[in-house]
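Common to both upcoming complexes is subunit A, partnered first by subunit B, then by subunit C.
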Partner chain A sequence: MFSDYAAFIVLLPVIAFVLTLFLGKKLYSGGALLPIAAIAGSFIISFGIFLEIYPKDGIVQQSWPWFAGMNIGILIDPLAVVMLMMVSFVSLLIHIYAVGYMAHDPAKPRYFAETSLFTAAMLSVVLSDNILQFFISWELVGLCSFLLIGFWYHKPSAAAAAKKAFLVTRVGDVLFLAGIVLLYVNMSEIIAGRGFTVPAGNFILQFKTMFAAIPLINPTQLTYITLLFFGGAIGKSGQFPLHGWLPDAMEGPTTVSALIHAATMVTAGVYLVARTFPMFAATPSTISAGVPDSLLIVAYVGGFTALFAATMGLVMNDIKRVLAYSTVSQLGYMMLALGTAGAVVGAQAVGISMFHLISHAFFKALLFLCAGSVIHAVGTNDIREMGGLFSKMKITGTTMLIAALALAGIGIPFINIGTAGFFSKDMIIEKAFEYGQLKGDFIPYAFAIIAALLTSIYIFRLWFMTFTGTPRSERHSHESPGVMTRPLMILALFALFFGFAHLGFYDYLNKNFELLTGEKAAPESGGVQMSPIVVLLPVLVGVLGFLISYAIYHKKMLDMSKLVSSQNPLYKLLLNRYYEPKIGADIIGVKLTHDVVAQSGEFVDRKIIDRLVIDNIISNTLFKLGEFIRKLQTGVVQNYASITLLGLGLLILLLRIKFGGT
Partner chain B sequence: MNYNLLAPEILLTLLALVVIILGLLMKETSKNMLGYVSAAGLLASIVYILGNGMNEAASFFYNSLTVDPLSQVFKLIFLIVSLIVVIASIEYFRDNRNQDEYYALLLLATVGMMVVASANDLVALFVGFELASMSTYVLAGFEKKNPSSLEAALKYFIIGSLSSALMLFGMSLVYGITGSTNIPAIIEFFKSNPMVATSSLDIVAMIFLVAGFGFKMALVPFHMWAPDTYEGSPSVVSSLLAAGSKKMGFVAAFRVLVLALVAIRIDLQMTFAILAIITMTYGNVVAISQRSIKRMLAYSSIAQAGYISLAFVVTTQMSIAGGILLALGHALMKGGAFLAVALVGYMVLSDNKNAKNTDDLGNFAGLGKRAPITAFSLFVFFLALAGIPPSAGFVGKFVLFYSITVAAINQASSWLLIVVIIAILNSALSIYYYARVIKYMYVLPPNGEKIKEPVPYVVAILLAVIGTIGIGLYPEPFIQMAINAAKVLGV
Partner chain C sequence: MSLYTYLLISAIIFAIGSYGIITQRSGIKILMCIELLLNSANLNLVAFSSFNGNATGQVFAIFSIAIAAAEAAIGFAILVALFRVRDTINLDDINILRW
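Let's look at the complex of A and B:
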């Protein structure tokens, strides 16, 4: 019954977007209630669909022809339905929170219109049943992200950050588009040459059709297609080397950071890889003739990003930037899971990665909203100016501690009690270890375990510096209003208890691709018996990180002033973010792209093409021709009649010459 | 025989008579309601056609009228254009004492166009043509105190009569050759007598028909009347002429020429290609140097006729479907654009009662501030006319150009590809003069206060905007509709 209304999951927020944009000014609180109601509707439908399809292992498929063999469609399988519920639920909570957070902003209608358009586009990414619609929605979320990062466009840093985000993710988007084109070419080829047929009622770029075609596509081509897709994912999910835009994106309102740059949009890259995982899994796993292994690259990029971003998280002083690097790092874990677990347990990797994605969405959205609550109270982003806030902001402090515990993956192994992050992250680290055993390559595991230690250090550093000790500046801080704290409490419950759903979640997601293609996946070999130390280690490093932070930032047992100084080259390197802004923006962006390529392009375009070819030759000729013909239009009707008859005569003559005839 | 399928024609004819009679009885002040009555009749006809299936097939009156998907598509085009024109006219002719005649003539013109769409016999075709033409001659000169309106009507009438004569002459030649005026019978005759079909006499007959239809389509060299008439007529009538009555030429050409060309199997590809290219290039090049927006739209309309007549070059099912789609799109875009110009005229006149040349480019300066809905709609229409997605103009051009590219590959003929490239370059060229108006509307400062846009105009224009963008966003059903219509021709 709910599945008949699946299209409304996207349509409701679209309607809310239009209404809020035009009527927002006249409605309560800048029209906030419309998006909230619409997204609540989306959530209810998504949840209803979940309840409908979960017991009978069903999926929802609806599709309408669009043009030229393409379609618009809805595909709700286990993978999509969990994502739908998460996106609509988190979006709903953040919209409610924003009523309080944005209360004093004059541009509320624009804010709520843009976030509800974003939600619509993101939901459309999730439930689209073909790669083209996926791409269009993907671009739309990118656009909304651009608009919302630059929401306070009068601030130059926000405008610059918006531009950077747009341009950097564009690199990924172009790769993604190239992947779609390459896929289309290959599909056309196998339809023409190898007798592959698109079944009636299906369409060429539908995921279903793509997966059915995998065995026929040339493996080398398949590798290139998947790598191009992964290029798109790197851009959107802020993986190395396209990670630089995400910390800058924190210039937007904190609610935007929570919604778009932590819980939903940035996970679209992971979702893309998960969605097309059968293609990744089918690529040849040996490195031959210069063709790399897709899954290996996914694992290495993910693992490296996890570690690389965590190191920068250690030294940032802006509360939101720490969280941003943490997001980049956690997205790295999700990629790592797809890459390593993909090699070990095949398509089950999707479940492992998605579980971390969902639990991360809960605790990271919570961290951002807590940070927002703190910023709302003290009016600064700099943790060096905070301190001792716990006594004043008990709810925010407690919920943020819960989120930090979840991020650090704290729990009790063997008896399986712990936070959401404990279940999700430890699973990833264990799979990385299994991967090491299988391939004799423990580098991804090393990335993961060291990053886990750093994660724990930076997040507790953040918490201790914000909430404990003595206030380091004179500010009137106060607990946030109920409309803001209640979403925090709800999210905290999920961050604490969501982990216990892990077995059911893995089981449900494992069926995903079987349900879609109707083929039974080969049963995977049973789990390897893990040695206790492997199981314990992730938690141990988490606790170790907590203790280190406790010692340094709470008890001040170590004097950090020597380490934290511009004399220390390592500190400088980290604080300057490995000089990524310099390399990315100044050298590649300004010097290379603007000064060399764009300037020489402009020279050719303006001086040669515009002035010489267009101005002198084409446009002059056309203008003169136009003026000349205009004179033929004398306004005298006799001339008109003559021209009509003349034309008739010429036509007859022309045909007479051509055909001769009798 | 089941006359239900002709209900819209019957309804509109009766409605025209009722409007005239009511007009005689009514006080002048209450004549404003006649516009609403006409609009209701047109709307009812649209609903009726959509509700009674677009895929019906039947023939009437000794096989002289036929109802099939092709006729239904074009009837819908005519009805939609008339509807939006009538809605806008409610404001344009408010308090005009001759409103009753205006609406009656407009309804009769619509009926004439619908008869042409259904005509299965050369005589019925001619009668429909004349009914529509006679009515529109009067409509073009409806502002009888305005000399340029009278001039427009007179030129239209003279050249129109000449073309009718040419067309009638062509028809009589066809009758002389084949001994029938029934279109299927004529085609049958051509098929069984290929020698006759390729005779000089027959070719001359065909060219005369091309001239007659080409007049309505405003194909070069039969286009000379169009700029003067579109410029001088009341803007709402220009809208009807450019968006509606022009398509009459196309449906007639689809019915007669396409079938005849297929039957006589002579190579007129090159001839039509040359006509189409000259027409589109001519229209676009001359449009560049116009300052009168109505004139610019007239030339752009000539250019669009050039694109649509590309459908005759390859006469495949796809190309005809593309032609139909572009005709549908053009009806919405061009109809809406002329109405927007009418609103600008209203705006200028409300500033200054004695203003001349209300459609001058200068009056569009800052329109985005003065009349935001109109400016935005015009922006949409212009981009759509230039063929920018997602719009009806893009879909039509895409299908049409695609079909010719496919034909070029199938026939391995490189010159057809060149035709497509020229057509695309032409589209690019057209952006110049559209963008200039957009610049005036949004970049230049306004030269007056913000005005209140009258509701009837806004309704009519927004209907056209919704149609234009709707087809662009979800083209599949419309493409199917056009393909069904093209199938009727059996090509």
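Let's look at the complex of A and C:
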């Protein structure tokens, strides 16, 4: 019954967007209730669909023809339905929280309209049944991200950050689009040359058609296609080397950071790889073909990003930037999971990665909302000016501690009690270890385990510096209102207990591609028995990180002033974010793009095309010709009449010559 | 009389009209010449219609006469307006519509 209304999952927030934009000013709290009601509706429909399809392992497919063999459609399989529930639920909580957080902002209708549009776009990404609709929604999501990062556009830094986000993700989007074009070319080729037929009622760029065509596509081409897709994912999910925009995106309101740049939008890249996972998995797994297989690249980029971003998280002083680097790092974990587990357990990797994606959405949204609550109370982003807040903000402090424990993956191994992150992240690290055993390549595992240690250090550094010790500035902080703290508590419950759903979750997601393509998934690889040390190590490094932060930032057992100074080259390197903004903006942006490409383009356009070709040749000739011809217009009516008659005579003469006659 | 005679008369009227349009300078005379052109065409229509036993041509001629009446009314109205402004309807003096 609910599945008949699947289209309303997207349509409700779209309607709310329009209404809020135009009528928001006249309504309570800038029209916040419209998006909240709409997204609650989306969540209810998503949840209803889940309840409908879960018991019978069904999927929902609806499709309408569009143009030239393309379609618009809805595909809700296990992968999509869990994403739909997560996106609409987290978005709902953040919208409620925003009523309190944005209470003093004059532009509330614009805020709520844009977040509502964003939610619609993201939901549309999730339930697309073809890659083209996926791409269109993906771009819409990027647009909303741009608008919301630049929400306070009168701040130059926010305007610059919005521009940077737009341009950097554009690099990825162009790669993604190129991937779609290449895919389309290959599909047309196999339809023309190898007898592949698109079944009636299916369309060429639908996911199930794509998956059915995998065995026929040239493997090298398939690798290129998947790598181009992954390029899009790199841009959207802030993976190295296109990660720079994500920390800068923290210029937007904190609720936007929580909604878009932590919980939902940035996971679209991971979702893209998960969605097209059968293609990634089918790429040739040897380097002998001259190209490495795509999963290897996914694993390495993800693993490297996880570690690379975590190192920068260690030294940031802006509470939101620490969390931003944490997001980049965790997204790296999800990619790593797809890459390594993909090689070990095939399509089950999707379940492992998605589980981390969803538990991450809960605790990272929670972390950001707590940070927002702190910023709301203290009025600054700088953790050096905070401290001792726990006594004043008990709810925020407690929920943030829960989120930090979840992020660090704290739990008790062997008896399986722990936070959401404990289940999801440890699974990823264990799979990375299995990958190492299988391929004799422990580098991804090393990335993962070191990043886990750093994660734990930076998040507890953040917590200790914010909530414990003595206040480092004179500010009258207070606990946030109930409309803000209640979403925190709900998210904290999920961050604590969501992990226990892991077995059912994996089982459910494992069926995903089987349900879609009708092919049986590869049988389970028998569950390699892990040595206890491997199971224990992720938790151990988590606890170790906690102890290190406790010793340094709470007990002040180590004097950090020597390490944390501009004299220390390593600290400087990290604080300057590996000079990424410098390289990205100054060298690539200004020197290369502006000074070389744009300037030479301007020279060719202005001096050669405009001046030489257009001015001298085309327009001068036309002017001279016009000067000559205008003399014909004498203004004497008889002249015109004579010429008309002359023309008539000529016409008759021509007709006579042509057709003869008497 | 044969069809040929009608066509010949029509051609003569047309030639007179054309000659008038080119040589005359007075706006009124030119309008009258235009009427000659139109009516030579009407004559053709009626002649063909009559000789081919088909009434369509005559219907056309009636339409054409009605339109010619409207056209003449507008033409004379323009000339009257022009005369009020410029005190002349000699077309040699009215040549501002040019480069």
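The criterion applied here is as follows: the second predicted complex is superposed on the first by the 609 of 662 C-alpha atoms of A that agree within 3 Å, B and C clash if a C-alpha of one lies under 4 Å from a C-alpha of the other, contacts with A are read in each partner's own complex, and residues count from 1 in each chain.
The criterion applied here is as follows: a residue touches a chain if its C-beta (ideal position, glycine included) is under 8 Å from a C-beta of that chain, and two chains touch if they have at least 3 such contacts.
Computed from a prediction, not measured in an experiment: that's the story for all the values here.
Ranked by how many residues of subunit A each touches, subunit B and subunit C are led by B. By the touch criterion defined above, A:Leu655 lies against subunit B but remains apart from subunit C after alignment on the C-alpha atoms of chain A. When the shared chain is aligned, subunit B comes close enough to touch A:Phe623, but subunit C does not.
After overlaying the two complexes on the shared chain, residue contacts for A:Leu438 are found with neither subunit B nor subunit C. Within the superposed three-chain model, A:Pro65 lies in touch with subunit B and out of touch with subunit C [touch as defined at top]. Shared-chain residue A:Ile588: touches no atom of subunit B or subunit C.
In the superposition on chain A, A:Ala598 makes contact with neither subunit B nor subunit C.
Legend: residue contacts after superposition of the two complexes on their common chain; A:Lys631 is shown touching subunit C, with no touch to subunit B. By the touch criterion stated above, A:Gly647 is placed in contact with subunit B alone, subunit C being left untouched.
Subunit A residues 630, 633, 635, 637, 641, 645 lie at the interface with subunit B in one structure and with subunit C in the other.
For subunit A in complex with subunit C, the touching residues are 630-631, 633-638, 641-642, 645.
Considering their complex, residues 18, 21-23, 25, 30, 91-92, 94-99 of subunit C touch subunit A. Subunit B meets subunit A in the complex at residues 154-155, 158-159, 162-163, 166, 198-200, 203-204, 207-208, 210-211, 215, 220-222, 224-225, 227-228, 266-268, 270-271, 282, 285-289, 395, 429, 474-476, 479. Residues 64-67, 622-623, 625-627, 629-630, 633, 635, 637, 639-641, 643-648, 650-652, 654-656, 658-659, 661-662 of subunit A are the ones touching subunit B in the complex.
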